[in-house]
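Following this line, the structures themselves.
Look for chain A in each of the two complexes below; its partner is chain B in the first and chain C in the second.
So, the complex of A and B:
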């Protein structure tokens, strides 16, 4: 292939590196106003009065909207309809929006927010997720504070534990994680003719924003157009919550009939936007003396915050991934997403899986220890292979690369030798090596079937360039480049001849969200569909030029040639010109619906996802036994993504994801006090920097997926998911300590060592 | 970024600066590299007026000079300059070392030593080395100059003895004696853009019988005000540099921290760790090669 599998330069690299790429805050319109959101200062309170009179009197203030001023429905639809755009009589978390101000300058808007007088009647708040389900807890959602309960029932769990020679049971805790995208949330809303409105902004899911703006304004969908700007990072943090930002900007713009810009400050963004769900996980595993898994029983709780948002599907992905990539005959899982009076949690790279992977992989590593077996051998015994069934009973019929990733990563990292060598360390710093094996269901799966579709539009122009549009978005993950490669390969043109237009809801039909590592497979396939009729027209035209028949011709590089007689050929550019001269239609649409999935909610059984990506991570660390600091020396990560359409981008994802996973494992912590986030900036919310970056060794394994474009499965989230347990396993290996809570800060490592010393 | 209303004056000489200070009604902030000041300004009410005197153009204050036994550092010298200075690397290496660990390259290119001292954060990275060097600051105003030890100038967290019409112009200290070694340790939560949680600055030398004949020790981020630990220095002076002695010195330092600051949530961690860092600082300064393996193998 000419372009697929080649590491062409990122399509947007130059404009981003040179600072030319326009982000939302760079947009300006004549007469534009600036919006600012007034937010709740209590975790749970009745709103007795919202007095905007003083604020309205301030010179330069054009509009203040509270829930009373919403013309349509006061609703941000995600899954369960419980979240208002603006609080209506009740606030449920600190930072919840109460009113939107539009003013001539950001400073005036901010001053006006301070002048809005809110009278609260404080209510008792529920902050501890473990107390949320209790009978005597304050009820903030339904009768039981449970947004969702998902389960798996496979085999006979009691019998499974009877067959076990050893049983290991532990409780794990995982923290919030903040997305820390470089660009904060932002939208610009612009009123248009005929009562229509355009929304420009930073987002993953334009069709979600379109729905919310339509609901809020009471406008039909055909009058709401959403255009994605260059998006400075997202990681799930721009999946559902931009609907709030877009709804707020749209409300002000609609009421003032002026363009309105709304850009969140970092502090506002951190206190009010979604995070990774904190998890509490009780994990019980049964195993034979030979190291065969007999049973896994898990109960876990996700602290979901004040509104349901995406929690139900985050939880669902959590249960599907909770047992890991292993053959387990008997499984029982119960998972709950519970309400608390804190910021609503949502999507974050991995989507409910990093929490359970930390627990599950730590179990595997500790079981290996108990058995005196090498953790790699324990994996070899239990990993899924073609012909096996997952914990949800799904038969795996092809594209199962876990074994290959295991051998590749451990081989490259020189596992056996390092393990031996590190065990001899005796100084004040000790080295260790640890491992995790993971899998990841690609796409929305059975939990999001109704959204599992995508559209694409391709047009070949008379100067032989190609433009195309899709409904999924570029957020830094490299989708533009990969899709441009696919279109160029398909149409026999060079990579530079192809250009992706910005994602815009008016260009292609609703294509669902850009999440779940689905864009390459979904938009890639839709583009291949869109190219088909154009290619047919080109073959027909080439046939005339070559005095042949279309079925005898084929694309070869940037030419079309006679199959039997390669010398008889014509350049693709000549064919395109001829097509235009003949008034052929050189534009086409493509549509792709994901392969089917299925789910039985009572048993938690079914074909959860149409394909799985697989990975093995090996982490090497050095632990300072006096300061308890951990230095990650290296991460060797082998990933099976079916086909690396752009290997350098795959490696980039592995490097970035490893670092984000390391942050989750070692340092990132959102601190709260009475429901208030007390570290809402990057001097106190600590993420890794370039100087903390270990050597990352990315390895690509390709087990093609037959329904994927060129065999590709999804890739993007996986690199983060298994890093934390590999790192903590390496720490355990170095200093013999058990870590069941993240992040593994020096203080927690010290505590764990003390507990060990006390024989607990 | 939301900032209060700013009345901004930029000067090119100290004389212009004194004039500006005298003419100014109301409170005035001096701006050097702006890396602390900008953050402070963001916290102010938007409708307040803020007078700012930008001294960053006064070239006279941007040099590191040798003056016989003295080293004089202009208050506008940046951390990058400190980190790269051959004079400092030779005569006060720990200050260059500390400066090289500050923030990030961008912050080091802008942030100044004067700003670091005047901001008086308890975790300012140049302060423990300066205290260990017995450095002094020169404060200048239209009425003249006065000189104060750094350790007296900093009165507490974010508090200094600076009068509102004074500009810190110079930092000076004696070169370390020939053969003297120094070391600075910073413990943070990551390797760049990291706020110190604990610091240790050590300067020391052995005489020709192998006894410690010169020792100055200044921990940071752990005491209410920056100070040398004379008591611990006394334990060490004229003694042989043994592992046991260093362990003792570390433990005593940690005790002094608790005596001065009381027990906090972080004490459980900081106590053993400060002790270990002091021990390591001493080992680094007094041993040819540090060999952690010698001293202890088990974590305490």
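So, the complex of A and C:
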């Protein structure tokens, strides 16, 4: 292949290194106003009065909208319809939006927000997720505060534990994680003729924003156009919540009939936008003396915050991934997403899986310890192979690369030798090595079947360049580049001849969200479909030029040639020109629906995802035995993504995801006090810097997926998912401490050692 | 309002701005030089890094009166006659760019670093960019890019 599998430079790199790439805040329109949002200062309270009169009187203020001023439905639709755009009589978390101000400058808008007089009647709040389900807890959702309960029932759990020689039971806790995308949320709404509105903004899912704006304004969908700007990182944090931002900007723009820009401040973004769900997770694992898993019983609770948002499907992905990439005959899983009076949690790279992977992989590592078996050997015994069934009963018939990633990562990291060498450390700093093996269900799966479709549009122009559009978005992950490569490869043109238009809801039909590592597979396949009729036209035209028949011809590089006689050929550019001279239609649409999945909710059994990606991470650390500071020396990460369409972009995902995973494992934690986030900035919420970077060694394993473009599966999320347990296992290996709570800060390591000393 | 005179990307400018305006606001809102980004507005992320009298600074922390009489280089000032700076080229070639929001800041920090120390070690590079946050790349290819730029400089 000419372009697939090659590390061509990123399609958007030039505009990004020159500062020309247009992000949302770089946009301006004549007559543009600036919006700010007035937010709740209580976790749970009745709104007795929202008095905007003083604020309205301020010079430069053009509009203030509360829930009363919403012309359509006061609703941000995600899964269950419980979330308003603006609080209506009741607030359920600190930071919940109450009113939107539009003014001539951001400073005036800010001042007006302060002048809005809100009278609250504070109500008791439910803040502890473990008490949320309790009978006498304050109820903020339904009768039991449960947004969702998902389960898996496979085999006979009691019998499974009877067959076990050892049983390990532990409880784990994982923290809130903040996305910390470098660009905060932002939208610009622009009223258009015919009562229509355009929304430009930073987002993953333009079709979600389109729905919310349509609901809020009471406008039909055909009058709402959403255009994605360059998006400065997302990681799931721009999946559903941009609908709030877009709805707020749209409301002001619609009411003032002026363009309105709304850019969140960092603090506002951290206190009010989604997070990774904190988890409380209990595992009971049974194993034979020989190291075979016999039973796994799991219960976990996700602290979901005040509204249901994506929690139900985050929880669902959590259960499907909770047992890990292992053969387990007997499984029982119960998981609950519960309501609390805190910021709603949502999507974050891994989507409910990093929490349970931390617990599940720690179980595996501790069981290996108990059996006196090498954790790599324990994996070899239990990992899934072709012909096996997952915990949800899904038969794996191909593209199962876990074994290869295990051998690749452990081989490259020189596992056996290092394990031996590090065990001899006796000084003040001790080294250790640990691992995790994980899998990732690609796409929305059975939990999101109705969204599992994607459109594409391709046009070949008369100057032999190509433009295309898809409904999925570029947020930094490299989709533009990978899709540009696919189109260039398909049409026999050079990479530089192809240009992807900005993602815009008016160009392709609703293509679902850009989440679940689905863009390469879904949009890649839709583009291949779109290229088909154009290629047919080109072959037909080339046949005339070569005095042959289309079925005897094939694309070869940037030429079309006779299969049997490669010397008889014509340049693709000449064919394109000829097509245009003949008034051929050189534009086409493509459509792709994901391979089928199925789910039985009562048993938690079914074909959960159409494909799985696989990975093994090996972490090496150095622990200071006086201060308990941990330095991660290296992460060797082997990933099977089917086909690396652009190996450099794949490496970039592995390197970036690994560091986010390391942050999750060692340092990142959103802290709350009485429902208030107390570290809403980068000086108190610490993410890794260049000084913290370990040596990340990315390894690519390719087990092709037959329904993927060129064999590719998605994999963008999984680089983060298994890092934390590999790092904590390495810490355990270094200093013999058991870590069941993240992040593993020096204080937590010290506490865990103390508990161990006390014989716990 | 105050009047300030300064040099921006080689050109002299006179502006009347509020005394409380930050250099970042002056660049983005008065000069429409939007390549410099705001990630926090509080000196915590480095997205707004520019070169100020030869040193890298967070432009969100510099106030208008300090700008008077100074010389500033922004990301827009690096490309000369359609030719990219070696650092920009190196960022493209090393695959150091993902979402790109942090990238102008990193390139300006790298520029300041290489102006002072044209052949830095990997550790010196890490220190030189430790005030810049990137959430996408894991920094590895950014560090590679700066090393590559130093090599390009040496070979020139």
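By our rule, the second predicted complex is superposed on the first by the 760 of 760 C-alpha atoms of A that agree within 3 Å, B and C clash if a C-alpha of one lies under 4 Å from a C-alpha of the other, contacts with A are read in each partner's own complex, and residues count from 1 in each chain.
One rule holds in what follows: contacts are C-beta pairs under 8 Å (C-beta built on N, C-alpha and C of every residue); 3 or more make two chains touch, one makes a residue touch a chain.
The model shown is predicted, which means the values in this text are computed figures rather than measured ones.
Touch criterion not met for A:146: it reaches neither chain B nor chain C. With both structures placed on the common chain, the touch criterion links A:651 to chain C but leaves chain B unconnected. Contact with chain B, but none with chain C, is seen for A:627 once the two complexes are overlaid on the shared chain. With both structures placed on the common chain, the touch criterion links A:266 to chain C but leaves chain B unconnected. Comparing chain B with chain C, more residues of chain A are touched by C. Of the two partner chains, chain B and chain C are each touched by A:691. In the overlay built on the shared chain, the residue A:683 is in contact with chain B and with chain C. Looking at the shared chain after the overlay, A:90 reaches neither chain B nor chain C. With both structures placed on the common chain, the touch criterion links A:138 to neither chain B nor chain C.
On chain A, the surface touched by chain B in one complex and the surface touched by chain C in the other have residues 265, 682-683, 688-691 in common.
Residues of chain C touching chain A in their complex: 28, 33-42, 44-45, 47, 74-76, 78-79, 84, 88, 91-93, 95, 97-104, 107, 125-127, 129-143. Taken together, the chain A residues at the contact with chain C in this complex read 7, 9-10, 12-23, 25-26, 179-184, 230-235, 265-266, 475-478, 648-649, 651-652, 655-660, 681-683, 687-691, 693, 696.
Taken together, the chain A residues at the contact with chain B in this complex read 106-107, 110-111, 265, 426-429, 625-629, 667, 682-683, 686, 688-692, 735, 745-747, 750, 753. The residues of chain B lying in touch with chain A in their complex are 2, 46-47, 104, 187, 189-193, 195, 268-269, 272-273, 276-277, 280, 291-293, 295-300.
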